[in-house]
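Mind having a look at this structure? Questions to follow.
Order as written gives the chain letters A, B, C, D and E; numbering starts at 1 within each chain.
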Amino acid sequence: ASGGRLTLTGSSTIAPLILEVAKRFESQHPGVRINVQTGGSSRGINDVRLGLADIGMVSRALKASEKDLSAYLIARDGIGIITHKNNPVRNLTGDQIVGIYSGKIRNWEEVGGSNLPITVINKAEGRSTLELFLQHFSLRNSQINAQVVIGDNQQGIKSVSAIAGAIGYVSIGTAEYEENHGTPIKLISMEGEIPTSENVAKGRYQFSRQLNLVVRNTPVGLAKEFIAFAQSDAVKDIIEAQFFVAP
Amino acid sequence: MSWIAKGIVNRTDHRLSMMLAVLSAGAALLLTLIVLFLIKESWPFLSSRWHSGSWFDWLQYQGWYPQENRFGMAPMLLASLAVTLGALIVALPVGLASAIYLQFYANPKVARTFRLLLTLLAGVPSVVFGLWGLTRIVPLIALWQPPGASLLAAILVLSLMVLPTIALTSAAALASVSGELLHGGIALGMRRKTQILHIMLPAARSNIFGGVLLATARALGETMAVLMVAGNVVQFPAGLFDPVRVLTANIALEMSYAMGDHRASLFASGLLLTAMVWLLSWGSYRVTRNGREAGQYG
Amino acid sequence: MVDRLFGWLMSGCAALVVSLLLWVLGDVLIEGVAHFSWSFLFTEPEDSGRSGGIAPILVSTLWILSIALVTALPLGLGVAVWLSEFAAGRRRFSDIARVTLDILAGVPSIVYGLFGNAFFSIYLGLGFSLLSGGLTLALMILPVFVRTCESGLRAVNDEWRRGALALGMARSAAIWHILLPAARPAIGAGLVLGIGRATAETAALVFTSGYVDRMPESPLDSGRALAVHIYDLSMNVTGGDSAAYASALVLVVLIVLLNTLAQSLLEDWFKRRVFVS
Amino acid sequence: MRVRDLEVGYGDKTVLSQVSLDIYKGCITALIGPSGCGKTSFLSTLNRLTDHSDARVAGQILFDGQDLLRDSVDTLGLRRRIGMIFQRPNPFPLSIRRNLELPLKEHGIRDRQVRYRKIEKVLKDVGLWEEVSDRLDASALALSGGQQQRLCIARALVLEPEVLLMDEPCSALDPISSGIVEELILRLRGRYTVVIVTHNLAQARRVANYAGFFWMTERVGKLIEFGLCRHLFEAPRHALTAAYVSGARG
Amino acid sequence: MRVRDLEVGYGDKTVLSQVSLDIYKGCITALIGPSGCGKTSFLSTLNRLTDHSDARVAGQILFDGQDLLRDSVDTLGLRRRIGMIFQRPNPFPLSIRRNLELPLKEHGIRDRQVRYRKIEKVLKDVGLWEEVSDRLDASALALSGGQQQRLCIARALVLEPEVLLMDEPCSALDPISSGIVEELILRLRGRYTVVIVTHNLAQARRVANYAGFFWMTERVGKLIEFGLCRHLFEAPRHALTAAYVSGARG
């Protein structure tokens, strides 16, 4: 196919990835224009429903109320618990995490660390990572007692690296990159499961989310082609370069 | 003096007047559209509060858990006010002092450099301030009182952001005070401090006030920088070291994921912010007008 | 003695401010220069902006800014002239207009973004485009620009108005030849404010001009502004910090350059009007 | 010019009432009186400058046989024929040349050569030509007060008006400049009809043919006496005039 | 007060040179001369106001036996003893009371009662008491020009200075206010030493004991003649003086 335009809107987590995918797609299909816009997962869903976008980007599984759309998984994103690098704690159990997030455990001493008050970093209401976290630990957001609430991924990393007693949860690939580049954070294991991209890929780490492209009906034409391309092996290197895990 | 004549005689004038009136009406229409848009988008939220008979519930504390249909905005409203007020309390004296230094103490060369620095600072995007605050100020505070991301951090970063506005407008206000007053003070054998504090500042008061108003509006409306350093926990600010969430940050944090009532509630908070700015400018309009009419000074 | 102390206190405050300023600007400079190179300005971003340059982003930024200024300047000047020179007879109306402008000057920029998205992008069908972004920014800077110009015009010596009237000059001529040139410091200040606000704006542009970092070919293309780029790099792109600082450096320099340019153009234009017949 | 039963007010305050006087062609008429008695207001009605404030004007002013207070009067044309000079010199913030050129262009004189000739002529008339001919393109604001005022007079004269209204043209000037302007006014006598408001009684005596004395009674300005200048100063008919003329310090 | 060989310049332009004169205690000394000849500059050196511009001052001014141009002089104290009134009234934008209170506080008068008594006294001195006693807390800017100028005089008097310098104190006022201020100056004669600059020769004659005439020769101001007021006006020794006194229009 030559010519044609495609508009994608949605999750700011997926946007940088898709932008790179789109660039490669464009270079292979001269004349095609793919416009990627951000705004958030629900914006992606909204715009697809209204026909404002051809494809939506949603960084979670579709909910029951969203079954009018069909989702195509392009990548996974493992979510890992991170702390400040100098924190001696290496592993937390699910109960401990629930205890920390609900404010029952307030000092690292109580989970085998040094005497340091815990700073709980949580995601803002509506963010898909938060929903996943709540679901995973069967919590309600109103039960959480956070000291810092953040929006995007990088803000989480920056906050944890700035506060010695902080605990937060972010995308594993991102955290790995930052860890390797000297940012003072570290991923810790959960119930003994070690958070690495590799483990996510191999299914040895449960706590992960889906990165989906969604469309209204079954995709046709250019949209179909693009989704197929994004799911193909041809973009695997891009997915890895953006610190996500190919499905 | 008003130009408005009993009859506009000249044809060009007439045409110009019509054209400008149309232009202004167009601009006014567009701007009115913005307010209407805000109201329309927040209407689902407002009307559902209305029907449930709990019009002012959102002002009472019941927590901000939109997923659980609990929309307590009061803590954020208060946090917005606290952050703005705090930033003014820090920035006003320092900014005024800088203006005084600029106007009365600095030699021209130093003053020029200082001014340049201030304008440069005014050009730094707020994301950069946020980044700077998050990587420099927050850790400093965290050393002392974790988590660091707090009301205090927001106040410090914001006050730095509004400082140039206050300093530059106040310096301009001081510069526009007639030299005759200064000479009057000197001739009475007053010390420099008295001349500045008791004569120049009162004389420049209303213009300084205008700059402060501008700064207040900016502080109230600032989003990104505050979002990055304030901690964003929805709670009543009880102390300087508590994390808080302001209204603008709330919009930015949640807008991209919000749907339905949640989304409408965010628009409602936008409306609330606008109402606050309006109250502010209306109040100041009243104050300055009354001041002018009564010719009343301290 | 007290006097000396007071002087020291003032200078001390100024020194404090300067050192804080140097801290912020120094950070931007040091971190920015480390990543900066001339090719940074002339190449396309790669790898989500972590490497490569910002050429298309600079172009988009300039597009958006020009659209915003080209729209807001004449419109704003027109409204300001009308408010200060023609609406005075309708006291109530102009008071309302003034208060409305003050309110709008305080509406958070993200709200402008949402409005721009709903009105320009969707309702007028301009989509995600530099045009939508520019028009949204034009609306955003309009209130402040109008208010500064209007107060500048008001401050113009009334004796000149009276002089022009007594010479039987049409008002349009007096405005064009005398009042506008005389109000130029205020117009310049409004311009600087507008440029600063428009160039550093993030929130209003995410929903209007968009996120695409391709080189725009027409104002109807979507394009990413520098401030949006900085925000994305620092909040969304892992390992994007150094590129973010370099972009911030470019942004600060850009604003200073634009301000100087705008001021000198303005001066030049008025000077020609004032002295050459 | 015949003024009949003129009444001027601002809002619901009347500041001037029952003013009737004749202004004779080619003569200089001086108006004197204490501050606030409505002299400036009176002058402003004569060229309809009152249109541009919230002033109410009633009565008749006959000029060339028609009432210039009627709405249908072309005020721009009127003001070309009746020039005005203000108390404080108000040259436009433009070059000297532009100050004089602007009104000419405004009144449709397209030919640059014609304009330049007119400009040279009026500058010579007001005695500024020698002083400024080498810097016509310099800003008018750089001139001294006296020069500025003469430039303003030149600016009014360049339109070749028939009547010249002057509102305390010398009171913001030092005595030497003031002397020069006064001489200039004297030279205009005969060629122009001049109405001059002044606080300086000596000046009024020196320059005027006719004089009028305004006074405030019950907060409303009235024309107390009008007549030949000599008569008014030397043999005032009214006690108030006598008191003012002899007592007021100038 | 004895002035000897005073020279004043700005940058590298000398505006006043070789000025020597004596100012006698309790007398009123009037200084006259055309605009720009350095009268204001001269007055400013007398209370060291020149310190606050880029003026160069050379020469000697002996006051109470010591040279007040020396660096070691306490200028704040000096200005308390030598007050100054400017051409345009410059009341501070504060209430009437604050205008008078501020200098008192500044010079260490702590007791509120004492201050109030002094304020009442000077307001009576300048004849403002009846006019403003009921609105002492209203803004001074709401006063009329003449009242403002009298307030400024009161403000200078409240410090009980020995010398009062006045720079054209009436020229911005209408004749009635001007008359009131002039009477006030006359009432000060004997109690204060007054140096007054005026363009109004008649006024100088009416109020002054001594008079000095400044004139510009080769762009530098000089004191041409100084002496008893009567002599200077009626029997000037210098041709320039004679010409100015008879010719200048005021």
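Heads up, the rule we're going with is that a contact is a pair of C-beta atoms (placed from the backbone, for glycine too) under 8 Å apart; a residue touches a chain by one contact, two chains touch by 3 or more.
Because the structure is predicted, anything quoted here is derived from the model rather than measured.
Identification of common neighbours of chain C and chain E yields B, D. Distances between chain centres, each the mean of the C-alpha atoms, put E farthest from chain C.
Centre-to-centre, using mean CA coordinates, chain C is 47 Å away from chain D. One simple way to say how far apart two chains are is to compare their mean CA positions; for chain A and chain C this gives 35 Å.
Residues of chain B in contact with at least two other chains: 1-4, 10, 131, 191, 252, 255. Residue positions of chain C touching 2 or more other chains, listed in rising order: 161-162, 170, 173, 234-235. For chain D in complex with chain C, the touching residues are 47, 49, 52, 75-80, 83-84, 86, 88, 90-95, 97-98, 101-103, 106-107, 112, 137, 139, 152, 155-156, 159. Within the complex, the chain B residues that touch chain E are 178, 180-191, 194, 198-199, 202-203, 294-298. Every residue of chain B that touches chain C in the complex is listed here, in rising order: 1-4, 8, 10, 12-13, 16-17, 19-21, 23-24, 26-28, 30-35, 37-38, 41, 93-95, 97-98, 100-102, 104-106, 114, 117-129, 131-132, 136, 160, 163, 167, 191-193, 196, 217, 220-221, 223-224, 248, 251-252, 255, 267, 270, 273-274, 276-278, 280-282, 285. Contact residues of chain C toward chain B in the complex are 2-3, 6-7, 9-14, 16-18, 20-25, 27-28, 75, 78-79, 81-83, 85-89, 97-112, 114-115, 118-119, 139, 142-143, 146, 158, 161-162, 170-173, 175, 192, 196, 199-200, 202-203, 227, 230-231, 234-235, 241, 244-245, 248, 251-252, 255-256, 259. Those residues of chain C that touch chain D in the complex are listed here as 157, 159-170, 173, 177-178, 181-182, 274-277.
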